[in-house]
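Next, two complexes with chain A in common: one pairs it with chain B, the other with chain C.
Let's turn to the complex of A and B:
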C-alpha cells in the first residue's frame, strides 16, 4: 500500500535491528509509564523508530526516519518553539543528506552523505549544537526517548550503511572521519556537561559525549575492518554496541528523574536545587545509579564499554604508521580527559542537586517521585544491574551482531570481571565491619553542622544561607577557568555555534541583503545589468572563437 | 594444585601485609619529614593509635547531611582496598593478578575520588564544596595523563595488565630508556597529585584556604574519619606499589616459588623505604603550588606521557 510504485514496502529483521529494538523497547515502556501514554505524537514517534529498524529497503528506512523526525519535532514544539525551529532545520538537513545517499551506489560519496545525515541526527560534532537545546525542551518521557532512543536510531543507520550496505566500497579513512568527529564530541559534550547549570541540558550534553564514544568505537572498528585487523574490529564493535546498550538504559533513567525533579520543585537549575536526597530518597538512589553509569565508574553499567574502548584504542596505537599511532595516543588523552570530565559532571549532578542543603524552599519541600515515573525508573535501573555485573555474558549474546557487521571479526574475552571486584570489596567490607564491631563504638549522634565557623543563620533562612555553599556554577568554576574558556570561548559558547553556525548565519544575512538590493534595483540598473551581461557574454564568445 | 595453594597463600600474605603496613608508611613519611626539618617528629606508630582512638570515639552526624553521609567514606575505602589487593607488591602471579588491568585500576581510583568528592559535598559546607571542585579539576588532568602513560607501558610490555607489565619488565632488560624516563617523571607528577602530597596539596594542613583532600573530610569524625584516613594511607601505598611494580620490578618474588618470597619481601620493604625517603626529600624541598598552577603541572605530565609514546613510535620506526 505504501512504498515505491511496483516495489512496495519491504520489512526485514536481522540481528542488528533486533539488538537496537531491544535497546529501544525498555525505554519506550519507561517513557510510556512516565506519562506519555496518551500522546498520539509520541506513539507516531515510536512507530517511526520501529519502522526504521524493521526496514528492508531504503525507501522504508527513510520513511520511518522522517516520520520519527517529524513526530519528534511536534513533541519538541509542545515544549518550546524556539529550539523546535532549529531542530526542524537540522532534521531537514539530515534528510537532505540521507535521501540521495540511500539511492547512490556504494561509494565514498554515499558514506560521507550518510555520515553527515545520520551524524547530524545523532548529535555528532560539529553538528551537535541543536541537541543540548532540543532534547531538554519536551516533557521528560520524550526527552528520555530522544536521548536514549532517537540518537541510537541515527547511529543504527550509520552502522547499517557504514558496515553492511556500503561495505564493498569501504575505505580506512571512513573510520578516521568517525573517530575525529567522535573525539570532538566527547571533549565538547563532556566539558559542557560540567558547565551547564540546567539539569536536563547537562544530561543532553552528556548524551553528546556518549554518542562520541560510540562513534569512536565504530570508527576504530570501521578502519580496522578496512585494514583487515580482526581483533581490533571486534573490540571496537563490542565497545560501541555495549555503550549503546548501557546508554540506552541509564540516560532515559536520568532524564525521567530530571522530569520528576522538575515536577517536585518547579525548577531544573542546579543553582536552586540541593538536598533532594532527603525529600526524594528513592529517586535519589536511582539517580545515583544512573550517574554512576554516566561517569563510567567500575561496577556501574558504563564501565565495561569504556574499558573496551580504551583497550581498542591502546591496541590500535600498537601498530600502523607513525602518524596514525600518534593520532591514537592523542585520542587516548582525549578519552581520558572526557572520562574524568564525565565523572565531574555526574558528581556535580548528585553532589549539588541531591546532597548538601536545599537552596530554595521548593527544593526543601520536594516530595518523592510519582508512582508511574518511579516504576519506569526502577525498571530501567533493574535492567542496568545485569549490564553492570555481567557484561561478558551480554557480549556473548551480541556475537551474532558482530558477525553480521564484520564476518571475520575476533571477539576476545573481556578481562574486566566485575563480580570478582565485587567479591574483593565484600571481603574488605567484612573485615572493616569485623574491626568496627570488635574494637569500635556504635551509634551516630546528630549535631549542628560546623560549617567552617559561620554563625547560625537567621530564622528566615531555615537551611542556612544558600550562598555559603557552592552552587552548580561555583562547582564548575575551576573547570570553566582552566578548560572552558580555552575550548569554548569567553562566553562558554559552543565551538560549533561559534565557527559553523555563526558564519552560516552571517552569510545568510549577507545573501538576504544582496537579494533585497537586487529586488529594489531601478529599471536603469536592471537594463544596465542585462546590457553588461550581454557584452561580457559576447566578449567571452569572441575571445573563445578568436583563440 | 600446589601452584594454586601457593598463589593463594601469597595473595593472602600480600593483602594482609598491605593492609597492615599502610598506616606505618604514613608514620614513616611523617617521621622522616620531621627529621629532615630538624624536628624530632611523631612516633612511628602514631597512625595506628590515631585510628584506634577514632574507632573508640563517638561519631557525629551533621544535621544538614543526608542519609548517605556514612556511605561515602566506606565507598572510598573499599575502592582503595580493592585496588591495593589488585596491584602486586612483593610478588607477581597473585590470584588477583588476572583482574589487575591498568584501566580497571584507573577506574577504581576514579571511584574512590568520586566517593570522596560526594562526601565533601554532603553537608553543604563551603570548604567541602571548594575541595571537591578542586579535586574534580585535578582529576581531569591526572586521569588523562595517567591513561597516556599507560599507553607507553602497554606498548613496551604488549599488555595492559599490571601483573603482566611487571613480569615483562623484570624479564626484559629494558635498560635506561628516554621513554621510561619521561614516563617516570609524568607518573610521579600524577602520583603526587592523586595521593595529595606537597606540590599540589598539603597532607599536614588542616585549615587553610587552598586545601583539597582535608577540606572534603572536614565534617567527618569518629569511625567515618578513621575510614577516610585509612583510605588515604591505602592510596599512598597503592601508588608506591604501582610505581615500584612498574619501575623497580627487580627482585620481585614469584607466587609459585616459595624460596623467592623472602628476598621479594625484603626488597619490597626496601623499595617502599627508598620511595618514602625520596618523597620526603622532594616534599621538604618544594613549596605548595597555587591551585591554578596544578593544571599546568599536570598538563606537563600529560605532554611528557605523550612524548614517551611518541619516542617509542619513532624508535620502532627507525628500528632502534
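Let's turn to the complex of A and C:
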C-alpha cells in the first residue's frame, strides 16, 4: 500500500509489539467510551500508534509514528493553539532525529539520535517541557490516550531500537544516558506534579515522572546487558515493562476522571475544587484507586514496578567500580525522593480536590460521572486490580518479551506477593473489627469539635470556612520552599524551559533580526554581498590552484 | 605575431588603467571622459583583433563599440549631467584611497585566478582574460562604492566593457553574442535613463542615500 518503492509495507508482530498493543487496547476502548468515538483524528491517531507497533521495517515504523504525531497535533489544536504549536515543533524535532537514525547502520550515533527523537516524544528530560502543556489541552479522552499510549509508543521505539535493532553496537554508556535522563525526569516531573495547581497539568507532570522511572529501568537493563549482567538486565526490564503496563492503566483512568471533574464543576484548578467525594462518590473511589497507583502505594498497581526498580538499583549499587557505586547510590536517592514527591502529589490531588469542603458553588453542586466515562474508568480500574494483586503472574506472561530483548537475561521471581499481603491485612482488619464490636464502646459520645484542621473563619468570608482550608498552592508551599525554589527557580519555572527553550528563543530572535536586516538591505549592500561572495570564490579558486 | 601581442596588451592595459582611474575620480564629467576613452580604446582593440585574426565580425564589433559606446552613450550621459545640473562632486560610500586599495587587490585576485587556471591556452588569451576580469571586477566595485545613480551606471557600463574585451580576445567567439550584449547594454541604458528621470522627479536628486534611508525606515 504505502512504503518505500520496491519494498512495500512490511508488518510484523512479535512479543514486544503484542505487549505494547495490550497496553494500548484498554485505554483506546476507554478513550472511545469517554466520548472520542466520533472524531476521525482520534481514530487516525490510534491507527498511527497501531501501525508503529505492527511495523516490520523502519519506514513503516516512522510512517506510523509521524501519522500519530500529526493526528495528535490536530487533536491538541482542538484544545488550544499555543501548546499545539509548541507540540508540533517538538514532533518535528523528534521526526528529524528519528528519520536519519532509522536509516543509519547500528552505531552510537544512531542510538543518540533515537534517544533524542523518541525521548523528546516520550517527554524525557530535558526535552519534557512540552508535555505538561500539550497533554492537558485536548479533551480528556485524548489526554488519556496521549499520556498513557503515545508516550508508550515513543518508549516502544526506544526499546525496539536500543535493545533489538542496534544491539550489535551496544555500549554500556547508552544505559547511563537513559538513567541520567530518567532520573532528571523523575525529579522534575514529581516536583512539578506537587506544585502545579491545575489538575490535568499535575497529572501530565506525573506522566513525566513515570516516563523517567521507565527510562531508569531501561537504562539499568541496557547497561547491564552491555556488561553481561544477566540478573540485573532481567530486573531492569521487568521493572520498566511492568511500570509501562501499570501506568497505561491508571494514568488514563485519572485523566478521564479529571475530564469528568471539569465537566461537573467547570474548573480544574485545585484551588476551586474540594469535597467532590461527597457529590461524586463513584468517581472519587476510582480516582482514589488511580492515585494509589500514581503514588506507588503498596497493594496499588504502581508498587510492584517501583519495588523491582529499587531492587535493581540497589543490586547495581552493590557491584562495579567506585564511580558506578556512587552513581547508583545517588540514583537511589533520587528515586526515593521521586517516590516521596509522587506520594505528596497523589495525596494533594485526593486530599485537596476530593476531600475537605467545597471551595466553590460548582464544586459543591457537582454530580457524579456520566455513564460513558464512568464505564471507561470502571474498565480501567477493574484492569488495575489484577495488575496490582498478581504482578508475579504478569511477569511470567512477560518473560517472552524479556527473552526477545535480552536473550540471556535471568528473570528472578518477584519477592513481593500482594495477594497474601492483602489477605493478611484483611485478616487483621477483621480481627480489629471483631475486637471493636466485642469490646468497643456502644452508642454515640459527644466530644468537643477539633475543627478538622480548619481555622476560625473571618467574618468577611461569605462561605464561612471553606476558604480557610489549605488550598492547592498552600499545600504545596512547604515543598516549594524546600525544593521547588532551588530546583525550579523562583517562579517555579521548568529548568528545561529556562536552559533550553530560553536560549533557543533568543537565538531565533537574533536570527529573525538578521534576516530582517538582510531583507532591508539596500541594492548597494546586496550587490556588495554578491560581489564579496564572487571575490571570495575567485580567491579560493586562485589560491587552490596556486597551492 | 609579436606586434599583435604587444599592441593587444597595450590596449588592454590602457582599458584597465581607465577602469581603475574611474575609481579615483570624484566628478561625473571626468568619469564620463574616462569611460569614453575606455570605449574608444576598446573599439580600436576590437578592430586590431579583427585585423590580426582576419575576422569580419570583429571589425563589426569594433564599429558598433565605437558608435554606441564611444559616441552615443557618453553623449547621453553628458546630456543627463547637463540637464540635471550635476557638475559637482560625487558622494562616495567609501573613501577614495580605500576603494583604490580594494581595486588593486581585485586586480591581484584576477591575475591570481586567471594565469594559473589557463596555462594550456595561448598567452595572448590568458593575459587578455586576466585584464578583462580585472575590468569587470573594477566595474562591480565602482557600482558598490558610489551612491550616485549615474556613477553606478558608469560602473555597470565599464563592467560590460570588460566583458567585450574578454570576448574579442577569444578566437572563435560568435559575433551574435557580442552583438546581443551590446544591444542589451543599450536597452539597459535606456531603461535606467527613464528611471533616473523618475527618481529626479520624485526626490530632486540622483543621490540614492536618501532612498536608502527611506527603505531602512519605511519597511
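Of note:
Going forward, the second predicted complex is superposed on the first by the 499 of 547 C-alpha atoms of A that agree within 3 Å, B and C clash if a C-alpha of one lies under 4 Å from a C-alpha of the other, contacts with A are read in each partner's own complex, and residues count from 1 in each chain.
We adopt the following convention: contacts are C-beta pairs under 8 Å (C-beta built on N, C-alpha and C of every residue); 3 or more make two chains touch, one makes a residue touch a chain.
Remember, it's a predicted structure, so these values are computed and weren't measured experimentally.
Comparing chain C and chain B on the residues of chain A they touch gives the larger count to B.
In the superposition on chain A, A:168 makes contact with neither chain B nor chain C. In the superposed model, A:524 lies in contact with chain C only, and not with chain B. Looking at the shared chain after the overlay, A:38 reaches neither chain B nor chain C.
Of the two partner chains placed around the shared chain by superposition, chain C is the only one that A:539 touches, whereas chain B remains out of contact. Counting contacts as defined above, no chain A residue meets chain B in one complex and chain C in the other.
Chain A contributes residues 519-520, 522-524, 527-528, 531, 534-535, 538-539, 541-543, 545-546 to its touches with chain C in the complex. Residue ranges on chain A touching chain B, taken from their complex, read 194, 274-275, 277-278, 281, 284, 295-299, 303, 306-307, 310-311, 314, 317-318, 322, 325-326, 329-330, 332-337, 339-341, 343-344, 346-348, 350-352, 354-357, 415-417, 420-421, 424-425, 428-429, 431-432, 435-436, 439-441, 443-452, 454, 463-464, 468-470, 474-479, 481-483. Only residues 93, 106, 109-110, 112-113, 116-117, 137, 140-141, 143-144, 147, 152, 208, 211-212, 215-216, 219 of chain C touch chain A when the two sit together in their complex. Chain B contributes residues 19, 52, 55-68, 70, 74, 77-79, 81-82, 85-86, 96, 98-99, 101, 103-104, 107-108, 110-111, 113-114, 117-118, 120-127, 129-130, 132-134, 136-137, 139-148, 150-151, 154-155, 158, 160-161, 218-219, 222-223, 226-227, 291-292, 295, 302, 305-306, 309-310, 313-314, 317 to its touches with chain A in the complex.
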